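Once you scroll down, you'll see the structures, which are given as structure tokens.
Shared between the two complexes below is chain A, which pairs with chain B and chain C, respectively.
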Partner chain A sequence: MSSLSPEVALSRIYPELRLLLCTVIRNGRVGLDSSNCLRITDLKSGCTSLMPGPSCDRFKIHIPYAGETLKWDIIFNARDPALPPDFIFGEDADFLPEPSELTHLVSWDAGKPECLLLLVKEMLQQYHQYQCQRLRDSSRLLFEYDSLLEDPNYGRSMEIYAGRKNSWTGEFSARFLLKLPVDFSNIPIYLLKDTSLDPGEDVALLSVSFEDAEATQVFPKLYLSPGIEHALGGPSALHIPAFPSGGCLIDYVPQVCQLLTNKVQYVIQGYHKRREYIAAFLSHFGMGVVEYDAVGFTKLTLLLMWKDFCVLVHVVELCSVPVVDLPLYFPRDQPTLTFQSVYHFTSSGQLYSQVQKSYPYSPRWDGNEMAKRAKVYFKGFIPQFQDGAFANGKL
Partner chain B sequence: MEGYDTTVRISGFVLSSMMFHHLNSDADVEGLVLGESVGEENCRITDSQIDQIQVEHTINIQKHIPCRELHSFYSNVGVVSEQKIRQILSDYKEENVIGWYKQRRNTSQQMTFMEQVIHQNMRKNLSNQELVFLLLTPSQATVSGSTHRLEFSAFIWHSSQYINIPILVSNLGNLEQQDYWRVSAICPSLGQSQAVNQHRTNFFCSGDDLKEVRNVSDMNDALLAEMQNMCKEVEKSERAVEKLQADITQLKEALRNQKKHSKKNETQECASPDEPKENILLCSALRTLFPDAPSLRTQTLTVQGFPVLELCCNTDHHVDIPTKLPLILENQHNKRNVDRAPRLRKKCLAAGFSQRLKRKRKTNDANESTSESGSDTEIEMNGQSRSNSPIF
Partner chain C sequence: MAASISGYTFSSVCYHSANSNSDHEGFLLGEVRQEETLSISDSHIGSSEFLSVIEVHNHEPCAKLFSFYDYAGNINEEDLNRILKDRRKNVIGWYRFRRNTEQQMSFREQVIHKQLTHILGIPDLVFLLFSFISTANSSTHALEYVLFRPNRKFNQRISLSIPNLGNTSQQEYKVSSVPNTSNNYASVIKEHGAEFFDKDGVMKDIRAIFQVYSALQERVQAVCGEVDQSERVREKIQEEVNKLKDEIALRKRNAAEEERTLQEETNAPVTLPDDSALHDPSQSTLTGAVLSSSPLSEPSLERPVNSSSPQLYNTTLPPDSPNAILLPRPQAVGSPGHPSPGLGLGNGDGSSSDSLNRQATGQEDQEDDDDGDSSEYENLVSEQLQPSSGTEAVSLGRPATLWPDGDAHSPPGS
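And then the complex of A and B:
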């Protein structure tokens, strides 16, 4: 089964059906996992081989749902394109939606481009109900579902996929996919902006797989949209706790939610703290600031002078240049100071420098206090640095 | 203990006619199937004294009625209309409806969402709990399209689900080895000879030949006759072409010969400069006009410019003077101071001789206007048209 590019798929579809398919392929994002559009494969024709031109009017549609991919057959008739499509629900042979509740089937309009997509969404809602009904095979899992349903934070953004109950062993598995109600709107834009990543919707999904009906084997996994993952520091930045033995989703999900929220808050606060820090340094060092990161506030370069001596015009009358690197989890993590001489070089041709990580610092200080303490430290350290530069570097 | 067993029986010609009817359709096709459903209860008693009752249902499909278009007896949501079913049935009874069928190309052997809904609604509307749904799915078996496959199966609602039941096709006869006939024959209504006789004439000719066979045979004969006529026409035209080609070949040959001949003549006339060509007409004219002056009939001169008498032409060329040179005879009767023959200038390669003629001409005639060219103009003045004039 090969996946076709949207353009190739559309070119093979019977012309009068293209509009409907175009909406599905290009704008078809359904369910909680809307990072990828719906895709279609296995295009076939209901006409004889003598029919000229593109005549495909039946195909398979792949729908992401609860961590699975549903493969439904959709059957049109090229000779009667105005008629509504028919469906085959793959392995879910006993799934039978109530047709009268499918508004876009009752009043099917082949001329409306989004009609098919809306019909698929309506069917998916009924499919969700069907899966929830299947949880009745396990009282334990039904309890999990009912308890989550009562909570408005999770009940409305939940997808469930119940596997087949093994009549011999009684084994039954199910997967819950929940959209966590975390506010990502205050994350600085620069952290989310990355041209190599598809921005999409900022979303965090928690998938919890129950391998047995008694919930003794439970495997949770957190999925973050690419932008959020990047903003939080990469795939390994956040580790969620294991599902507690004997625990239940109604306790576990809020715990994960809180953990994620805290992380996001850390990132947001760190940003604001860094901005405050830079502002304080600008205020204290004024013209001594060479440059700073005005977007993320992660770097600051100063040019300091100790004991006047005359040098060339384009070279400042200072002997050392410290660079400050602010970490992501500032002020929890202490910034690194790198002192760099403008005159002295190492044997490898690099500017002579020294890195200082332990200096007077406290995350509880505000930006102003940090700037003051840094100034004091610079005054004390620069003479030592100068001696070191003269001794170890070469002009 | 009760078991349930259902089979669908369909005769070969009913199935094949259904397939043949729709195989070339460019869309999905559906329709109703008529027949009867027979139930048989079998009771088996074993040593364990437990009665085993086996109910066997056999659904005999005897006819299919296609619908003209899709959605002809149900709505978008599968609501079935009894009235529309009656319209489709026309003269047939609704009680004989035992199910419906659908042909869907290039799809799987599985009931679709709407088919299930329609079937449920038909079961309610027609009050027949054992309605059968026949599904035909033609598809391409090979990539090249040389082989096609047509799968068929039947579905029935049982125990809250649709189950696939086997279809038995009775073709040339029931080949099962059984002691008693427990199911009805292939087509019980057609088993009556009266009915067969009534419809016999639709299929058989007077000589007990199948009409279709005779029709096809007649058409074959007509095709053969047409082909024969066409062959004759082709033969005729081929022969005409052959004749024309032969004519063309002949003409080409004649043309070639003519060219060869004229080339030969040219070759003879355009002899090497060392062999002067003899102007036969001139020679004959000179002989006629000046019979006593053989020196005029020589083409060879000495260094001093005198004719070599030994090389004079004494041959009688047998030229018909009155025909070829009539003016000479005319002029012979006139005054002999006009000698027109030398006006025809020899353009041949006997150069010395022509110069002498020139001098002679100039001295002879003061009234005559001499022309150096000896062109056609002079000839015209003489009133002669020389279609056969020699080449100078």
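And then the complex of A and C:
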């Protein structure tokens, strides 16, 4: 079952159905995991082989839901493209939505491009209700669901997938997928854009899998959208705690939410702190500033002169190296100062330099204080650096 | 539950469907009958099973999709009646034809089925799904069909059989039980039927054949009776022959005994047989066999067999006197010297020492096998021809009843 590119898929669809499919393929984001559009595969035709031209009018649609992928068959009839489609719900043979509640089916309008997408969304809502009903096989899991439902922060953004109850062992499993109500809007734009992937919507999803009905085997996992993941420092930037034994979701989910919120705040604060730091250095060193990172405020280069001896000072890696390993821990982590001579070279042809990581520093100082202290340190260290450059470097 | 559809109905549905350039649907007409199967096992406990059989006789195709329901699947009963007309009572299910889809009821089909069940009042309404699957290059096409029983748990599937679709050379050609509702057929039969059918509606030829069959059955039954009677007569005669044989053997042994005794008394140099041979029942049996002149593989005794034996036999045994048979020999039944008729004599416990001893010595008494041996019969006849001996031989009969065990033994060959 290979996935076709949208263009190829559309080219094979019967022309009068293309408008409906176009909306689904290009704009079809449903459910909590809307990072990817809906996919269609297995395009087939309901016409005889004598029908000329593209005549595919039935296909499989892949819908992400609660960490699973639902594969539904959608059946049109090319001879009557105005008629609404029929559905086969794959493995969920017991799922039978109430037709009267599917307004976009009752009032099907093939001329409306988003009609099919809206119908799919309505069916998905009923599917969610169907899955929630199936939680009744386990009182424990039903309790989890009901308790989350009461909380408006989580109740409205929840998807549940209940597995089949094993008639032999009585085992029953379920997965909860929750969208965490964390505000990512203040994350600096540059952090979110610095990714090769289409960032999509900034979202954090918490998946909690219950492998048994008594909640003795619970496996949580946090999914971050690519932009957020990059902004926080990579996939391993955030480690969520294990689900406590005997715990419940209504306690655990807010805990994870708070942890993520703290991390985001830390990143935001770090950005502002760096900006303040750079601004203070600009203020104190004025024309001595050669260049600085005006977007992320992660680097600053100064050209200082002491007794006719010029030296470049690079204040770099206000975020740790490499960026992807750690979050932005400034001002907690001390910036690195690299002194570089403009005259002397090393034997390898590089400018003679020295890196200083320990100098008077406190994360509690504000930017102004840091700039002052840095200035004092420069005055004391540059003579030593000069001596070292003359001794070890060559002109 | 089982289901069957006649070949012509099935092909008609396929024809309509295959010629449709889209999905196609219609109704199945037929009847449901109950079959009772009574099975009897070795435990003689009979059990009956009831089987519902759905028979599809005809179908009513719909002209187009959504012809009797709306977008939400709500059925319009007026449209339904317009399609079915007066055939509504014959509806047993409905069908759908879809190309290149899963063999599973769809959302709308389930909705419609529930309503049809309720509207038509058929609790066990069935649904027949045809799927036409084609490969990508259209080189292979497969028509698959599944009969669903959606109102049962797990959407039960029923096997649908098509009578005579198969190798009819290996199996019997089945006549369809579909009732013929054609008016034309009925009128033709009515007009020309008298030439072929009798007043009861049965074909005349069939009745004639049945009469022949009955006559043959009667003859066979009669022959069976005759065979039975002749077999009984034969059995009776065989029994008499066996008795006579026993009698002869006994008399011969008695004659030999007497002769020996006489010789001993007269102190005549007589070549007597070995004692072990005399006391060995198998040897005495062999002696009897020699006297009866059946061809033996190994004559173990050197006693001369002469034609005077029958005379001795005759003179020593008084006619028709049980006392003469019961010679004063203090020997128990089954002892080696116990005069044996030669074959199969029991030891009172059902065992036969003769047969055992015969096997032990490695010699077979062919008297057992020579039941109808002509030489034995000739001896008997020669004895009987002698005036006194023949009569006495016949009259002396029934030695078997005189044996202490009371059993009448017959040679194994009889």
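Criterion: the second predicted complex is superposed on the first by the 374 of 395 C-alpha atoms of A that agree within 3 Å, B and C clash if a C-alpha of one lies under 4 Å from a C-alpha of the other, contacts with A are read in each partner's own complex, and residues count from 1 in each chain.
Operating definition for what follows: a contact is a pair of C-beta atoms (placed from the backbone, for glycine too) under 8 Å apart; a residue touches a chain by one contact, two chains touch by 3 or more.
The model shown is predicted, which means the values in this text are computed figures rather than measured ones.
Per the definitions stated earlier, placing chain B and chain C onto a shared chain A by superposition produces a clash between them.
In the superposition on chain A, A:Phe89 makes contact with both chain B and chain C.
In the superposed model, A:Asp80 lies in contact with both chain B and chain C.
Common to the chain B-facing and chain C-facing surfaces of chain A are residues 44-49, 51, 58, 73, 75, 77-80, 83-84, 86-89, 93, 96-97, 99-100, 102, 105-106, 108.
Within the complex, the chain B residues that touch chain A are 24-28, 69-71, 76-78, 104-108, 110-117, 140, 145, 161. Listed in rising order, the residues of chain A touching chain B in the complex are 44-49, 51, 58, 73, 75, 77-80, 83-84, 86-89, 93-94, 96-97, 99-100, 102, 105-106, 108.
Of all residues in chain C, only 18, 21-23, 64-66, 71-74, 98-102, 104-111, 134, 138, 155 touch chain A in the complex they form. Of all residues in chain A, those touching chain C in their complex are 44-49, 51, 58, 73, 75, 77-80, 83-84, 86-89, 93, 96-97, 99-100, 102, 105-108.
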